[in-house]
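The block underneath contains the structure these notes are about, expressed in structure tokens.
First chain written, first letter: the chains are A, B, C, D, E, F, G, H, I, J, K and L, and each begins at residue 1.
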């Protein structure tokens, strides 16, 4: 059978260092419970500010994985 | 550790009165099971029509919450 | 009470034949666990390529269903 | 026969009170001459200003109805 | 004289079989009353669902034709 | 009564000289049958090419006017 | 002389009651120092959430006014 | 070495039968001269009309391939 | 030191003749008080209509300049 | 055989006089080496500024032509 | 009183090292004169090139702050 | 002569370390064959995932260069 179904979700990672570190954290956390992640698309980048400095870099990612049931 | 991961979902609220009431309903329903919601972004507004009149106002919202596991 | 809350998710269907078949597969799979799906909006279309030929047609769909609890 | 054709038009409603009232007015006016309207999608919201205050709320809506002939 | 004026409208076609059939139906219906249609641009694709299966494929098209008077 | 309803349509003007001339032509043609036009928003600009040269400049405009009945 | 120059800025209004009240507040505050505001376009709507309920409705508006000098 | 560079181009396929056939034609033509194509993303769909009927379905695709030199 | 900060603002120019003249007017007015403008990006084009004719062409431009303090 | 394949490229034209002149220059330059150009779609307009005045008008155009081989 | 008004501006940061460094520089510069910045949203990323190498990374950010008067 | 013509292409860079490294690689590779590159605009960011970790960061860039002939 050649037809498969995937589900797409959005996750947000944060890091005080870089958007790449925020991406790694989000991907590794999601991978603990979701199988077969292959691409993470960046949907949005921003930064939180505290006391006039960047406190954290945030990245919103769209990832897809094999669909296996109820949400 | 300074890195956190969030999940983003979209919900739709409806109300026969206003988009604000639809938003309140959606946020309060989602808050029963999701912790630490802080911002609801409006993704789309529309209205259903019956017999030539507005029957309900609908708002699609994007909300994020702390990620804690399988989807 | 006239206010209802829905949840919106995105799913991806694939088919070696057409985007319509990919859509049917995704909708039928999602319907096994989600109640009261009524509209599937196309968010994105693409195709995978193998050996210089289209291997599968993929469709990303946005569908909504009645919200009934934790994610 | 299972195929139907619809036409989509855009209308703008105005109200000195709210975007919901503007929507109701636009939908009710359009319903006098168009049959079977079911959804009004919000395309744009704005407000006119006079003497430093909001004079009217305006909503641009996209509505569809059964296609029955020349434009 | 080298200047011409066109009008653009949006129509929606539906079909239980495919988006192509929905497009053909919409174009042929519009052509009965509008002259000189040349391009139909796809604005949106979706599908209606009944009983967990796709009931119809819908395509929203933008078409233009020679402008000849009141709307 | 402070609520009014408008209709929005799109028209396309063409000119062998400039997008401004194309806009003037479209606006003046539409004004023959539509009352109270006040703003024409540019939705799209393009040019047709013949024999390796620009043959005409085209502008797609969105204009609104007072709504007075069936489409 | 027929040419004028305007400046466009974005402001955000908040209200615990509605997006319309948030819009009125923002427009009236801006009007204290900016002359000749005429249209406020909605750029974004969202809501802040506290303790599982909507705490405030926020609207981001784009407004323009006569340009008179340094920023 | 873990860094690679790709080039992205857009191609348009046409078919009198379906957008899938148009996609297959475009992909197979491009594959004759470009190596290692893997995904074709749909950028735009439209149809040409002749004598009131759809004459051809057109699909604009974005494809990427290994970058190997001057354009 | 290799890091600089710029500010981006939007201005609107108007002209009874063309969008180019509207652009020149806006750029020259802004240059009186802002230093080192280098690019003006077109954000939006429209035209105002009076008595069924184009009264003025308007262009909304985004320009950036060296950031030197409070807004 | 009724299926053809086209390639789409983007070009940028510049002119000290107008966006139309910039468009003509770009189209005529591209036509020296590309056959059968028929439409140039405007993707972006901007202007370069020197000494507080517009130095050149730039237009980014998307054009398509018959696909005949390696890139 | 529960209603507040904010102003939104766009700033551009540059750095020869990374987009994160460019963001930090822009945020710290803006914080010298603007109070209570909390979020910086990325609007655009690009890079300048000199002699075939990246010379600087640039980030355009949207930030909001409490509105306190004339622009 | 004051009019020049440029061509715009899209390239994708990859790196196991950062989006900045991916950008540098893409720019340096493209500079080997294209003259006078000055700006690289980020069109899209994503990351590939292998075994639950980020394998590479990818950046899609739009770059322009002097147009000198057939594609």
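Keep this in mind: a residue touches a chain if its C-beta (ideal position, glycine included) is under 8 Å from a C-beta of that chain, and two chains touch if they have at least 3 such contacts.
On a predicted model such as this, the values are computed, not experimentally measured, just so you know.
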Interchain contact steps from chain C to chain I (minimum; 1 if touching): 3
Distance between chain centroids, defined by C-alpha means - chain A, chain I (Å): 38
Approximate Å spacing (C-alpha centroids) for the pair chain B, chain E: 33
CA centroid of chain A to CA centroid of chain K, Å: 24
Chain L: positions in contact with at least two other chains: 7, 9, 18-19, 32, 45, 71
Chains that touch, pairwise: A-B, A-C, A-K, A-L, B-C, B-D, B-G, C-E, C-H, D-E, D-F, D-G, E-F, E-H, F-I, F-J, G-I, G-K, H-J, H-L, I-J, I-K, J-L, K-L
Chain A residues touching chain L - in the complex, by the definition given at the top: 18-20, 23-24, 27-28, 31-32, 37-42, 45, 61, 63
Complex contacts: residues of chain G adjacent to chain B: 17-19, 44-49, 52-54, 57
Chain D to chain E touching residues, read off their complex: 2-9, 64, 67, 69-71
Residue ranges of chain L touching chain H (in the complex, touch as defined): 7, 9-16, 21-22, 25-26, 29-30, 32-34, 56, 60, 71
